[in-house]
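Chain nomenclature is as follows: A, B and C, assigned in order of appearance, with residue numbering initiated at 1 for each chain independently.
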Amino acid sequence: MGFRLKLGVSALALAVASGAAFAQDDEFWKKAAEPYQGVTLRGVTEATPPSNYVREVLAPQFEELTGIRVDIETTSWDQMYDKAIKDMESGTGIYDMIYIEQDIVYAYLARDFLTNVTQMLADNPQLKAPTFDEGAFTTFADYFKDEDGGLYGIPMEAFIKVYLYRTDLFNDPEVQAAFKEKTGHDLKPATTHAEYAEIAQFFTDWGKEHDEDLWGTTSQAHTGHPASWYEYVESIAPTFGVYNWGIDAANNYAATVEHGGRMNSPEAKEALKWFLAMRDLAPPESVQSTWTEVASTFAAGRAAQGIVYGENAAWIASDENQSRVVGNVGVALPPLEDGILAQVEGGEGYVGYYDGGAFGLPVTSKNKEAALLFLEYIGQDSVQAQWALAGSRITNTATYDDPEVQALDKELGGYFTMLRDSGKLFAGAPPYPFHAQVREAVAPIFYEILTGTIEPDAGLDQMAERAEQELTDLGYRQ
Amino acid sequence: MSRNWLYVLFWIFVSFLTLFPIYWLFVISVKPAVELFSTPDLILRDFYWKNYVDVLNDRTLRSYMVNSLVISSGNAVLCTVLGFLACYALSRFDMGGKESIFFWTITNRMAPPAVFLLPLFLLLTQVYKMGDFSLLDTRIGMILVYCTFNLPFAIWTLRPTIEGIPKELDEAAHVDGASPWRVIWEVVFPLARPGLAVTLILTWVFAWNEYLLAATLTNFNARTLTTGLSEYVTTTGTEWGIMATISVFTLIPALIVFGMVQRHIVAGLTFGAVKG
Amino acid sequence: MQSNRLGWLLLAPTLLILAMFGVFPFIYVLFVSFHQWNPFAVNPEMMFNWAANYRRVVFDAQFIASLGVTAAFVFFAVVSELVIGYALAQAFMKDFPGKAFFRTIHTLPLIMAPIIVGSVWKLMTTPSIGIIPHLLDNWFGYDLNIGQSATAAFVVTVIMDIWHWTPLVTLSLIAALVSLPPDPFEQAQIDGAGRWQIFWHITLPMIRPAILATVFIRLMDALRTVDEVLMLTGGGPGSATRYVGVHIFKEVFPRTNYGYGSAISVVVLYVTIVVCWLLYVGLIAPRNKKG
């Protein structure tokens, strides 16, 4: 707890310490910022640790260097979208920078809300910082580009949803022996769904037998919040081979099997049943768990393994104030069905979401040039390492080689290494401009499946039909 | 005498029920996050003060607190005064269609707020502005916007009080040569004190707690505490402890305001005590 | 009777503010409700579509279901708040030691923002880690699971609302009770009337306007409940607590369904007005005219 505020205290020290590093580039920034003295830039973002680092550290640094003031408004997740959309839709021009979560970028692009940064830099060479290079970003930046390679957002955070397991339990000889005796297998992190289920069952039984608060898996199974739907479509369905929510964009946005979609395909149904089976083995609070609570459940030591968002993996593994399992966290790829890994490596599909966000420049901004300078500033390699330490996010390739980042990586059980080496197996959200719309249309049915009111198979059939209906209403499906 | 003590016992019981969630709020504020996800314990065994240190050190929260105080106090006073004048007009004058007006005022409070955010946003940014100054993200803007739900409330809660004040009193003052203005402030206003105090408290509470409008219509300068609270609900984590700590702090100014205003409810008792 | 000019003058600021921030936005919403408008549709512009949105509302099973649970929620919450609130207000009419202290405690829930109330109740009631399910299980062996049981979630939202808003009813009724003239009560006591007779024939008729005003306020506020429930259950499990406020929020915010959301809002507003108007005409207006 207090992750965000801890930042505030150390911000000053950091700002002083890193001030020296930029000395050689000061010249460019001062000169480029000359015409924009007195300008105040305004950004809106979510109050996550990486965003708070921008507000508390990078913005003051930039102001000191250039004289351009940067105000960052932090707000809650749904408010952030609503405010950015209202501003851009009405052309008010309140914001010069907006946080774009990876899955909404396609909606913004479809509406021409965002400025093409590549294009703007080409048109205004006097604004191009020598230390800014679009090529320095990891592949995550590709999810913010149009077909011509124009970049529409400066990546600021990127995460993969990983499989976490408790090394203290998995390496405990007593546990290992019991597992071997019960199942006939050696206890090691699962690579398939069957193995994962076996381990989950074992630990849930173990918790019962030993009267401990321990269960075999986490489950993001909230019965009224879209987090549960996301866990299913982002993290479970792809590992059964159902990609892009089972909607086939190339085929008139079909969702039902009847029309060529896969949302209610046999694989999707199998995936859903597996998800429900794991939910039943998870701690009782799972029916009220979003991404937050899943992380807290794991951090409290209540689950032996779980699929957890990468942004939480860091504090679970390292923050003693928030976690009881510091030093006991192992990181692995999510369990997969046979053949999926080959499919993904062959370029078809993905094993989970590569999520995160970028800062974009709305076309309605009244201070585009100054805002562009700030975006370049936060995209430089030189500011990345400290930012990675504060927010456990990596968006530039060079950041992986920083010694401090590598030290943190060890503490995190190799999370950054996995991000670097296996990041390519994960993919950004499907390039749909209608994420929230279709999600809200089908999620109520999904909640009914979770409560048991609707059978899983029938529910998926209904979801696929509802999705097609919504896509027809929106005009995507003809 | 013994019956009095029965009342005290009864109130101790009621207070226990009332206080339990507030006690739990405090418990959340003095526990590290990880302990919230464990088998719960009714009794607090040790204290973790870090949340308090963090909140006290946060400058932005202090400015949110000031905004909240200014907006809710300004709005409560404005609504109570305007509501009082409106009720006086509705009760003492024989204007055509006044019952329809009275009912119409309350319909402003019935609207589901979510869809009204867009028109309010457009009005504030594009219509109610002079040059560069728009009402968006200003305290005065929020004070006026909050009137949409608080002014009808004030009118509706004050009307029974004003109607209950015998008209003979102000007519007598009128006959004695007092101006209408003096009748309103020196005869009717003091007699309406219990109702005014309750209206002031409750309008203040509604403004103090409002979230959705403030979240949409403020950005930097006029942000209130409730919008500050929502910053802690993020995709990375809901910071229950910090949220709870801020709420504990918000109880303090609220208690002061309540303490100041509540005396006037008691003062009203001399006007007519009821033996039920 | 004084000149009506002064009356209108006293009303003017109220009418002006409500027109600026109440009526104009409403006209806009009404206008939007006759359009198909989702900024993330293939055609992001507003398209006039006659009354298609309204036709859809009538057949929208989800919305109708939402209205049903809302009605139940509002009924149970408001009736309980009225009964408990009146009883507590009467109890405050007595003199007893520490009265001011207890009254202050009783008003504390009001100062907690709905978003916080929802958070605290969520942490108190989450299965396995919340204190309430824990105690219920220990003491009675009862398994309270608001993430799985529709009834449990519904009841918890009602209790939460009662906890949060009963003090409002109490305070409003205290204001009404302390303003009552003492004469009728003294006369009744002299005439030897019983407690119930006094309550039924004197107190109740005299504070009826205040009771109804309070009921109206609570009724319309309960109909608009969003933050607490969104925080506590998210409208779940399933759609057990997807009250109209929550339903509209989800239509308008994440789903950006501005046209249809506006139509639903207009319908909800209309239903609220009709219900309140009937209550008002039947119960309050006659008395005001007499007075």
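In this section, contacts are C-beta pairs under 8 Å (C-beta built on N, C-alpha and C of every residue); 3 or more make two chains touch, one makes a residue touch a chain.
Just so we're clear, the structure is a prediction, and the values are computed from it rather than from any experiment.
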**OP:** If we define chain centres by averaging CA atoms, which chain lands farthest from chain B? Would you check?
**Re:** A
**OP:** Kindly indicate the chain pair that has more C-beta pairs in contact than all others.
**Re:** B-C
Original post:
So how far apart, in whole Å, are chain B and chain C when each is placed at the average of its C-alpha atoms?
Top reply: 15
Original post:
Using CA atom averages as chain centres, what separation in Å is found between chain A and chain B?
Top reply: 39
**OP:** Provide the C-alpha centroid distance between chain A and chain C, rounded to the nearest whole angstrom.
**Re:** 38
Original post:
For chain B, what residues touch not just one other chain but two or more?
Top reply: 36-39, 118, 122, 230, 233, 238, 240
Subject >> Touching two or more other chains - residue numbers and ranges from chain A >> reply: 82, 285, 293
Original post:
Of all the residues in chain C, which ones touch at least 2 other chains?
Top reply: 128-129, 251, 253
Original post:
For chain C, which residues are in contact with chain A within the complex?
Top reply: 38-44, 62, 122, 126-129, 145-148, 150, 233-242, 250-251, 253-257
Original post:
chain B touches which residues of chain C in the complex?
Top reply: 1-2, 4, 6-8, 10-11, 13-15, 17-18, 20-26, 28-29, 32, 88, 90-91, 93-98, 100, 102-117, 119-121, 123-124, 128-131, 134-135, 163, 167-168, 171-172, 174-182, 185, 189, 195, 198-199, 203, 207, 209-210, 213-214, 216-217, 220-221, 223-224, 226-227, 244-245, 248-249, 251-253, 258, 261-262, 265, 268-269, 272-273, 276-277, 280, 285, 288-289, 291
**OP:** Spell out the part of chain B that touches chain C in their complex, as residue ranges.
**Re:** 4-5, 7-8, 10-11, 14-15, 17-19, 21-22, 24-25, 28, 36-40, 42, 82-83, 85-86, 88-95, 99, 101-103, 105-116, 118-120, 122-123, 128, 144-145, 147-148, 151-153, 155-157, 159-161, 163-165, 174, 180, 194-195, 197-199, 201-202, 205, 208-209, 211-212, 225-226, 229-230, 233, 238, 240, 243-244, 247, 250-251, 254-255, 258-259, 262, 265-266, 268-269, 271-276
**OP:** Name, in rising order, each residue of chain A that touches chain C in their complex.
**Re:** 78, 81-82, 85, 89, 107, 110-111, 222-226, 283-288, 293, 433-434, 436-437, 439-441, 444, 447-448, 450-453, 473-476
Original post:
What does chain A use to touch chain B in their complex?
Top reply: 1-6, 8-9, 42, 44, 46-49, 71, 73-77, 79, 82-83, 86, 90, 92, 94, 213, 285, 291-293, 295-297, 299-300, 302, 309, 311-312, 315, 321-324
